[in-house]
Amino acid sequence: MLDLDYSWLADPAYQSWLVVGVINTLKLAAISSIAATLIGMLGALALTLRIAWLDALIELFVEVFRNTPPLLQMLFAYFTLSTLGLQVTDPDTGLSMPLLSAFACAAISLSLFGGALAIEAFRSGIETMPRAIIEAGQALGYSRWARFWRIEAPIATRISLPALTNILSNLFKTTSQASVITVPELMYYAGQIYNDNFRTMEVMILVLVIYVTLVSILTYLMARLERWMAFPGYGKAAS
Amino acid sequence: DTLDTIKERDKLVVGVKTDYAPYGYLNDDGEIVGFEIELAKYVAKELLGSEEKIELVPVVASNRIDFLASGRLDVIFATLGISAARDEVIDFTTQYVSAAGPSILAPEASKLTEWEQYEGRPVCGIQGSYFNKKMTEEFGMNLIAFKSQTEAYRALKDNRCVGMVFDDMTLRLKTLEPEWTDYKIAAQPYEFAPMGGGVREGDTVLKEAIDKAIHKAEGEGKLIEWEAEFNMPASEYIAERAKTAGAE
Amino acid sequence: MTHPEALIEIKDIHKSFGKFNVLNGIDLTVRKGEAVCIIGPSGSGKSTILRCMNGLMPIDRGTIRVGQHQVHSLKTEKAMRPLRHQVAMVFQQYNLFPHKTALENVMMAPIQVLGHDRAEVEDRARKLLDKVRLGHKADSYPGQLSGGQQQRVAIARALAMQPDVILFDEVTAALDPETVKDVLFNIRELVEEGLTCVLVTHEMGFAREVSHHVCFTDHGKIVEDAPPAEFFANPRDPRTREFLGQVL
Amino acid sequence: MTHPEALIEIKDIHKSFGKFNVLNGIDLTVRKGEAVCIIGPSGSGKSTILRCMNGLMPIDRGTIRVGQHQVHSLKTEKAMRPLRHQVAMVFQQYNLFPHKTALENVMMAPIQVLGHDRAEVEDRARKLLDKVRLGHKADSYPGQLSGGQQQRVAIARALAMQPDVILFDEVTAALDPETVKDVLFNIRELVEEGLTCVLVTHEMGFAREVSHHVCFTDHGKIVEDAPPAEFFANPRDPRTREFLGQVL
Amino acid sequence: MMTAQLSYDAKKKSVLFLLAAAVVVWIIVDAATGGDEHWARVGVRLPLLLTGSGDGWPVTGGFILNVLLSIASMAVATALGTIMGIATLAQRAVIRLPAFLVMNFLRNSPWLVLLFAMLYIIPYEIRVFGMVIPFPPFMKAVIGLALPTAANFSEVIRGAVQSIHSGQWEAARSLGYSTRQIYMHVILPQAFRRMIPGWMNLYALLMIATALATVTGIQDVLTILNTSLAMESERALVYFYLTVLFMFFAYCYPIAVFARRLERAVKGDNI
């Protein structure tokens, strides 16, 4: 039924497209993962201060970004932010052009989307902190800050790690949507290739395999990190 | 085969453009209209007896062939340029338009008037255009390919690219629009490309039935009428075809 | 009337959770270097008294003085820190930090809270672990220790702070008799060295052996307070008599 | 040699977790209608013995017979079900079903597993709850009960199965003396009615009062097995003597 | 200042209220300074964006199609995910391992790519005994979205089942329950409560992902947005995007809030 023809892989143009595509996918995923994790940590940290106006802003940010499609967020950033004034003058042609390239738009959208999810994850890690641990810290005379840094943050990080793994692998998968705003990543070049050689099925299968492999490597590394950070008798990784 | 299926279901499923005036686009009421839409309706009438027995499925360049191949569509009338590579995966109907190949739309001030000058520069384009690989491989452009024309025009206006490469006629019509008066055709087309409908590889019976319908339309001068209706410049090619078809 | 030598002085404290009154006017005085046991049926408010004593739980009415601190008037976490440095607590559920080894659990607070020298603290911590016979488990995480071992780490952790007062909440529950005896010896030694202890326990033998006086709580009140010999031999209150009569 | 009247017969069982040998050749015989207590230091394998007896944990070597069941040769969950109908267990942590009320916890298994008549089971369950003095708590969820009350519901749940044998794992840990006494009376009554009991406990008074003979485990072996009078007055094994010497 | 007396929650609420008010004011000011023209365009196209037809009836696409798509996919995903989840918990390796592989494959592939793949793997028409059963793109989109959702849901089920304390298994076993009975009477009733928040979160995620269905060629709100933008001016673009973003937000936000409330409620009954 399926007779798959992969002879097109011999074409050097396609080969270089695939390589560039994978490199750009990795770049986009790495940048947005790191940024999302940082946003998540800072956001959750800010929430522990319990400053009402700051918390309201963070909550708004989280809800807006996690309740709208990242695809739409990227399109919005790409097509409308420059209309709203984010422009620079191109020194080459003297014309004004958008400040943010397609790649920047995708990276920023994905970071914010992932960051919103990460804030939630870290926040819930801090919230599920056993009351007993907090009391022990209090009883030993820790100040609120010292208690947070020395005791709660390390434990919360550990508790949040599985959720973070989910978010980062989700983010990695979402990078494929950046093809829609012409970021030259894997999915974009996949489109270029099958529009050229019409071997859609073969191209899609290859792309699927590449993505699954890359995401599996990511989740494997995160699982290693979980195990490395584990302390006996706590969480799943220990047992 | 497909023709039987069409008759059985009593409806022709056609893939058309919705963002490609004058061939297929949405009017202010949100209806799909255009040169190729009229053609498709005509074909439906010929095959099934009524213009109404038709389902218009919006497609873009990058998905039209897949939709056809996977059985979603019976036929496409979607500004499909005839090329050897495509002929390997689908069958073309008789061609009904011969348009100039790609040209480049750029701001009035642009000094890039030769194709070779675009090497290494960002140029907007559309995913699924038959000349895309030539642009990157031969001219060395940094092609930024969008899914739809709307997006590509938008990106050109934003100066995300120094020009937009696309079918000459469409771009020429664009320069006539009030918002596009300070744009010009910077690089001229280097070839002419005929356009035809597409059916699945091996759908010979359907292809012949459609060909017959198109010839009939040409003979009745319908295509010239539609040209006028949708403000297309009168093309010699269509007039020529109408003459030969009428003579038969 | 104030006892001049009293280290801890609790007067008429009340505490309720919603409509449920847990403490109904508790009075208690503990002199420096004394060990006081609190016994009583489950749910009678024993743990709550300890929690109030080091400010983990605010009270509704009454006064608590520990050393020079007026606990009931300390409102912020910050204001309570000097109190906490002076009063340590060993919890019913141990509450060790799961992400640190036994040794680190003991060393953390003196270094991080009191700012003591690391080398000196490590030396002290190792001595304390030896004292509770856990020198060989210094590098185990709480999850790798048995209940009795965790309990002893918790005691060492409290002692490492070199407090004036330690509050023990059911240190012996779910320990086997041998370990109970161990803990008893440790505490007795500490008291002889001048430490003040308040202990909550279900183990009558333990209360008899360790304490200078014993309090019996019921329905949020202290209904009897006497030296252990008198308390166990001649309880005056009928409720105490009934309770002690049940002991096997 | 087989004891003809022995209901439970354990011979030379071994069990290890990885490299750690928990059970090193346990022999134990329990006659019908007897109550046997197992005491010993924490981690000596007491709970493990109980778990092996009703097949919750497979053993590495040796034989276990309960009634007519050869427990060591039952390989599948399914094969163990008749055994489980005969042997009930009360867990150290109670393990009540939190989504059911006290009454439902008691009624569930007889209806769903044994297929008994609902009305009859409800009647029996209410009587059992009355017997453990919890008739008024029939409609409370486990989360609304105190530890001692949960423990008693767990006992009622085990009894509702009308088993021949009940295994009790530290039913008295963390209960106050009054509640311990209550539980003691209940169990004694059951034994008088002909039930066979195996109990693990840390409470020496309890062991003395309730049992026909007492076993002392250490390092995965039973080092002493004697009637309580003899066991507590004249322990032969030095390890037992040492252990009992620590009891306050 | 008066706010100094307010409690934390009251303060936060009032800040959020102020933010909402600021947005409303901004819209009014913008409308007064020329934005009304663009909003009018949005108004004209709104029925098209919502239902896919210019006068709002019949429903052939648009945002309502996204909603229908999400509901249909969730139904399929729940059924598939339950089977997959229980299969990954099976004791027999012949069932567990393949289920585990399939689940991981689906979980690790991007939704967009899976949806694309569905386009080519499933035919548009199936012929059985001369009957033509059409397989419209809507169905393809449903399956394409349901597959990754099912894989995620099976994880939710697994997580919930495994979060039940092992003591419950032992207690039920020692009462003589069979494995099937233990799932039915003891584990699933308890796990169910813990699954609901995860299920709802997943639904919100799925709703958001329906935007990707534009690649299957169905007239979802994003496809329509794009085609209608062809007829609109540059400035109106912003207003159109904001409108569609708001549609998703307005639909998903209440679900997410409700899910979180349930999550908190459930957290308490860990035994």
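We just call them A, B, C, D and E in the order they show up, numbering each chain from 1.
Throughout what follows, a contact is a pair of C-beta atoms (placed from the backbone, for glycine too) under 8 Å apart; a residue touches a chain by one contact, two chains touch by 3 or more.
Note that the coordinates shown come from a computational prediction; the quantities given were computed from them, not determined experimentally.
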item	value
Neighbouring chains shared between chain A and chain C, ordered by label	none
Chain at maximum distance from chain A, centres defined as averaged CA atoms	D
Chain pair with more C-beta contacts, A-E versus D-E	A-E
Centroid spacing, where centroids are CA-atom means, of chain B and chain C in whole angstrom	85
Length of the line joining the C-alpha centres of chain C and chain D, rounded to whole Å	33
Geometric centre distance via CA averages, chain E-chain A, whole Å	19
For chain B paired with chain E, centre-to-centre distance based on mean C-alpha positions, whole Å	36
Overlap residues in chain C, where contacts from two or more other chains coincide	none
Multi-chain contact sites of chain E, meaning residues that touch two or more partners	120, 234, 237
Where chain B touches two or more other chains, by residue	66, 147, 151, 154
Chains touching one another, given as label pairs in label order	A-B, A-C, A-E, B-E, C-D, D-E
Footprint of chain E on chain D - complex, ascending	51, 54, 56, 77-78, 80-81, 84-85, 87-89, 91, 93, 95-99, 108-109, 112-114, 142-143, 157, 161
Residues on chain C engaged by chain D in the complex (per definition of touch)	40-43, 146-148, 170, 173-181, 184, 202-206, 208-209, 243, 246-248
Chain E - residues contacting chain A, complex	8, 11-12, 15-16, 19, 104-105, 107-114, 116-117, 120-121, 162, 204, 208-212, 222, 234-235, 237-238, 241-242, 244-245, 248-249, 252-253, 256, 267
Chain A - residues contacting chain E, complex	50, 52-53, 55-57, 59-60, 63-64, 66-73, 75-76, 79-80, 83-84, 128, 169, 173-177, 179, 187, 200-201, 204-205, 207-208, 211-212, 215-216, 219, 236
Residues of chain A touching chain C in the complex	132-133, 135-136, 138-144, 146, 150-151, 154-155, 158, 231-234, 238
